[in-house]
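Below you'll find the structures, each written out as structure tokens.
Shared chain: subunit A. Partners: subunit B in the first complex, subunit C in the second.
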Partner chain A sequence: MTTPTAERDEPAASAPLISVRDLTVSYHVARTGATLTAVEGVNLDVHEGEFVTVLGPSGCGKTTVMNVVAGLVAPTSGEVLVDGRPVTGPGPDRAVVFQDYALLPWRTVFDNVKFGLEMQKHLKGDGWRDRVQEAIELVGLSGFENSYPKELSGGMQQRVGLARAIVAEPRILLMDEPLGAVDALTREVMRDEIEKLIAATGKTVLFITHSIEEAILLGDRIVVFKSHPGAIKEVIETKLARPRSERSVQSDPRFLELRDHLWDALQAEATEAAVAGGS
Partner chain B sequence: MTATVSIETLNAPPPRRRRTGPGKWTWLLLAVIAGILLVWEAAVSWLHLVPAAFLPPPTAVLASFLELLVDPEFWQAFAFSMQNLLIGLVLAVVVGVAVGLAVGWSPVLRFTVAPFLWLLYSTPKVALAPLFILVLGLGNESKIALVFLLAVFPIILNTMEGAVTVPASLVNASRVYGVNGLALGWKVILPATLPYSLAGIQRGAALGFTGEVLGEFLGGTGGLGHMLEFAAYQFQMDEAIAMVIVMVIIANLTLTLISVLRKRLAPWYDDRQIMGRS
Partner chain C sequence: MSVLFATGGPRVARGGLAGWLAGLSTGGRAAVIAVEVFVVLLLWQLIVGYWGIINPVFFPPPLAIAQGFAEIVANGSLAANAAVSAQAWLTGFTIAVIVGIPVGLLMGASLPVDKVVGPIAWTIYATPAIAYQPLAKAWFGFGIGPVIFLVVISALFPIMLNIAAGMRTTSPSLLRAARVYGGSQLDLYRRVFLPSTVPFLFAGLRQAVVLATIGMVVAELSGSSSGMGALIIRAANTYQTDQAFAAIGVVVCWSVGMTGLVTLIERRVAPWTRKARR
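This part shows the complex of A and B:
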């Protein structure tokens, strides 16, 4: 391995902000009466200010783990601690960017983003308007404030979901493939924006993606999942200097090494999954 | 938002509904109607195939129709019917939406109450009309009750179905941003269900009108149904047919009004998704 270059400060000694402990989640499928174990024995600590990206084949339980951290799904066994306390439900310290956007179709873009602040009662006066507007600008949707979700493309809707999470100013951002439907160019711009935003605000991020490049470019650490049953296969520290632009990093041997490694790991997983699924 | 107005005019969102087609079909429909009227007039007035006393020609019906429009008795009957219809419908909407939301949202109620609702929905409630008149009398009450009874079930069942189909992801998103309990109902469940409720209200209004007229027909002291019955009894077929036309117009105006309301209240909803739903 090459020597690590300048790293972001890592509060390694302090207690983790998110602590996933021996987490197992089984879904009961009412239709068939069967029980499906989505993830088994997941352990993961995420420290304050850390950016953790999650890679893994489809259906390996990434969203499930994120939902437990968000407080939307209860663990079957094990637990998740946030700031030392067990998660019992959603809270204002965590915001989620949903894989399927989950926008309110009867609200305009502006009002959908506002939904992120809706219940923050301390927001008196008109200050929140600026915050909403800022978030909309950040995701590049100025001019579409009064559009309804169905009038937007998938990528644009996804960015509304992103703005809604950002505007809530949570300590922890849980992002489930937030750039999955965004086109390549916008994706690059958005990735830079996310990186800058996170660097400026010191948020803690759990970021699910299907893109190996994205996982490397954004993550301080990369968590690789495997399936059958869903579990963590390995956790890799990226050890790449920031800011990491796509260009500068392309020629970095560490980047290439990571990319090849992740590629092989996922390839093996996908093959295994296909074999297991086919039997 | 003031700053965004100018931008919005530049990036005006595309028009929500394209206006193609209907023009052509409207003309075709009018042509067909005109053709039918012409054949009818010819058969009765010129060829004397049918005695005019049984089937008055369109011109006679039109004359009766115009007479009705200046007849204060007609407008009194109109007011009577519309008042009952409105009261019955408002009650049906309030009860129907509330019950529909509760049953749709609560799994317990869904499994215990919903089967009975379907049972009642498929019962021919028209058969109960004489009973209502017997119990509630010839006045307004029996009509309002009939309107309510006929209108409330489609509203309940549509609302229920809407509430059941609220996407889980919307509820999850709401929980993440702290929208729970009553706020969840008000801000998410109700608007998500609204297009379904409105479809139910539309059907309920049509059925409710039937209930009103039927009630008046069977035993009444006023209203359009009563007038129709009276005209038929006196063998004034031209007036009777004119009355039927009035009723068709009222029913269609009501449906159109609710359609417009649906587009105003739920502009985000694509009509095609709930077409054919009853």
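This part shows the complex of A and C:
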């Protein structure tokens, strides 16, 4: 049931949209003078329209990989190609949804969603107003255009984050534990909504999560990370039919099989991490 | 004691005086405060004015202060001195704002500037304004000059240092978001750093109002022939303590009023901070 490497049989020999090649990122820690390797030798191809979930223990470097793809962190060695071109910085083809929402507290919902377009200088003419409004409707926040972020629940704030990401129509959505700070009930509802939203828009998604269920429910493929140093442990195809929903999938034998496998993989990883951390 | 216990145990419902106070509307709460003030003033009046337990020369009763207020209004000394003080205060505060905001922004934006200006600013800020008063007389003579100087030096640093702190504590996650969406360096400053510094600016302004008023009175207390501080010291020296208290009351009203004005402006300019405070 598992494919040991990142390679997979593509029906067509199309070039991957995101190509992470032998990526290593290390940081220099000023305080101790040591060099910390966040990720080492990561190879991953993501094809157009694919939903890839990234699963791993804390500190395994999965966010670092996403930051390199986003253009926020430069690789120490190796490279990331998006649509065949090396990533040298952020670009309008990629948008990020952050775990802590990262909404501007002094802006209303409408103005926060507008922010994505504004930074890319897309505010000429009148069309942008409709695009902002459409994005707000798409995430189900109609009527809250003039609310400030702190007047909204965590789930609603993340909907704003999602609308801000999709309004600029990027090809790639990078989601860094977007539901990590949301309460359990809202998380289940929003998983289903994200699944529907992505299916409708056909975006390519890299989705980081701590949750095994989330990784299975949303992903076409699941990339499992290990830590010390951060690297890919294995890549699994979920092979579950879409559309999926929380309730339909959870009784599927394939889901249970995947969950057991991922549990074992992560538990071994967490134990190792605890031992390494304690030594 | 019953008030203390009312909010204590888990089984005790919120009752008694505490519960009653908590349940009051805004108007009701204002009425309670008004009654409180009235009771205090009444007791004060009785103890000093009626029973004469304290010598009224040292601690004049409320009605005498009201009379003193009427006197300084009638003989024109309040208007004349208040005008001088207001002029010095407003001039000094304006200078502090004009200098403090850009320097604070520079300190927040540039580490070298912060390293050079920061220690000097903190040193001056940490020194009581009264210590500069004799020097101010030597430098600026006996007119309005030393008063303006002390207002500036009192108001400048809370504004400057709060703004610098505001810039530096701008959320890294907001900056990252702005960069992800393609924001330029200028965008980061205009759209992220500046707006997130606004609440710090107003916090600094509120502190500056109070400190500027203290600086003003301190400067006027000695060697000045006019201003509210001069009025207070002259009245006290001639045993007209009722007039002195009336003048102090006016200064308090100015300080509280200007702080309120700053808060009012903040609510207009930065409505998103409104719920954060309460």
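Please note the rule applied: the second predicted complex is superposed on the first by the 250 of 279 C-alpha atoms of A that agree within 3 Å, B and C clash if a C-alpha of one lies under 4 Å from a C-alpha of the other, contacts with A are read in each partner's own complex, and residues count from 1 in each chain.
The rule is short, and it goes like this: contacts are C-beta pairs under 8 Å (C-beta built on N, C-alpha and C of every residue); 3 or more make two chains touch, one makes a residue touch a chain.
As the structure is a computational prediction, the values presented were derived from the model and not from experiment.
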Original post:
Once subunit A from each complex is brought into register, does subunit C clash with subunit B or fit beside it?
Top reply: clash
**OP:** Using the touch definition from the top, say if A:148 reaches subunit B (first), subunit C (second), both or neither.
**Re:** both
Original post:
When the two structures are overlaid on chain A, which partner does A:100 contact: first (subunit B), second (subunit C), both, or neither?
Top reply: both
**OP:** Kindly classify A:129 by the partners it touches after superposition: subunit B alone (first), subunit C alone (second), both, or neither?
**Re:** first
Subject >> Partner chain(s) touched by A:217 [first = subunit B, second = subunit C, both, neither] >> reply: neither
Subject >> Which of subunit B and subunit C A:90 touches, first, second, both or neither >> reply: both
Original post:
Can A:70 be said to touch subunit B (first), subunit C (second), both, or neither?
Top reply: both
Original post:
In the superposed arrangement, does subunit B or subunit C reach more residues of subunit A?
Top reply: B
Original post:
Does the superposition put A:116 against subunit B (first), subunit C (second), both, or neither?
Top reply: both
Subject >> subunit A residues contacted in one complex by subunit B, in the other by subunit C >> reply: 70-72, 90, 92, 94-96, 98, 100, 102, 104-106, 115-116, 118-120, 148, 150-151, 164, 168
Original post:
Taking the complex as given, what residues does subunit A use to touch subunit B?
Top reply: 67, 70-72, 89-90, 92, 94-96, 98, 100-106, 110, 115-120, 129, 133, 142-151, 164, 168
Original post:
Mind pulling up the subunit A residues that touch subunit C in the complex?
Top reply: 70-72, 90-92, 94-96, 98, 100, 102, 104-107, 115-116, 118-120, 148, 150-151, 164, 168
Original post:
Once bound in the complex, which stretches of subunit C touch subunit A?
Top reply: 171, 173-174, 176-183, 187, 191-192, 195-196, 198, 270-272, 275-276
Original post:
Considering the complex alone, what residue numbers of subunit B touch subunit A?
Top reply: 1, 3-4, 7-8, 10-11, 13-14, 167, 169-170, 172-173, 175-179, 183, 187-188, 191-192, 194, 266-270
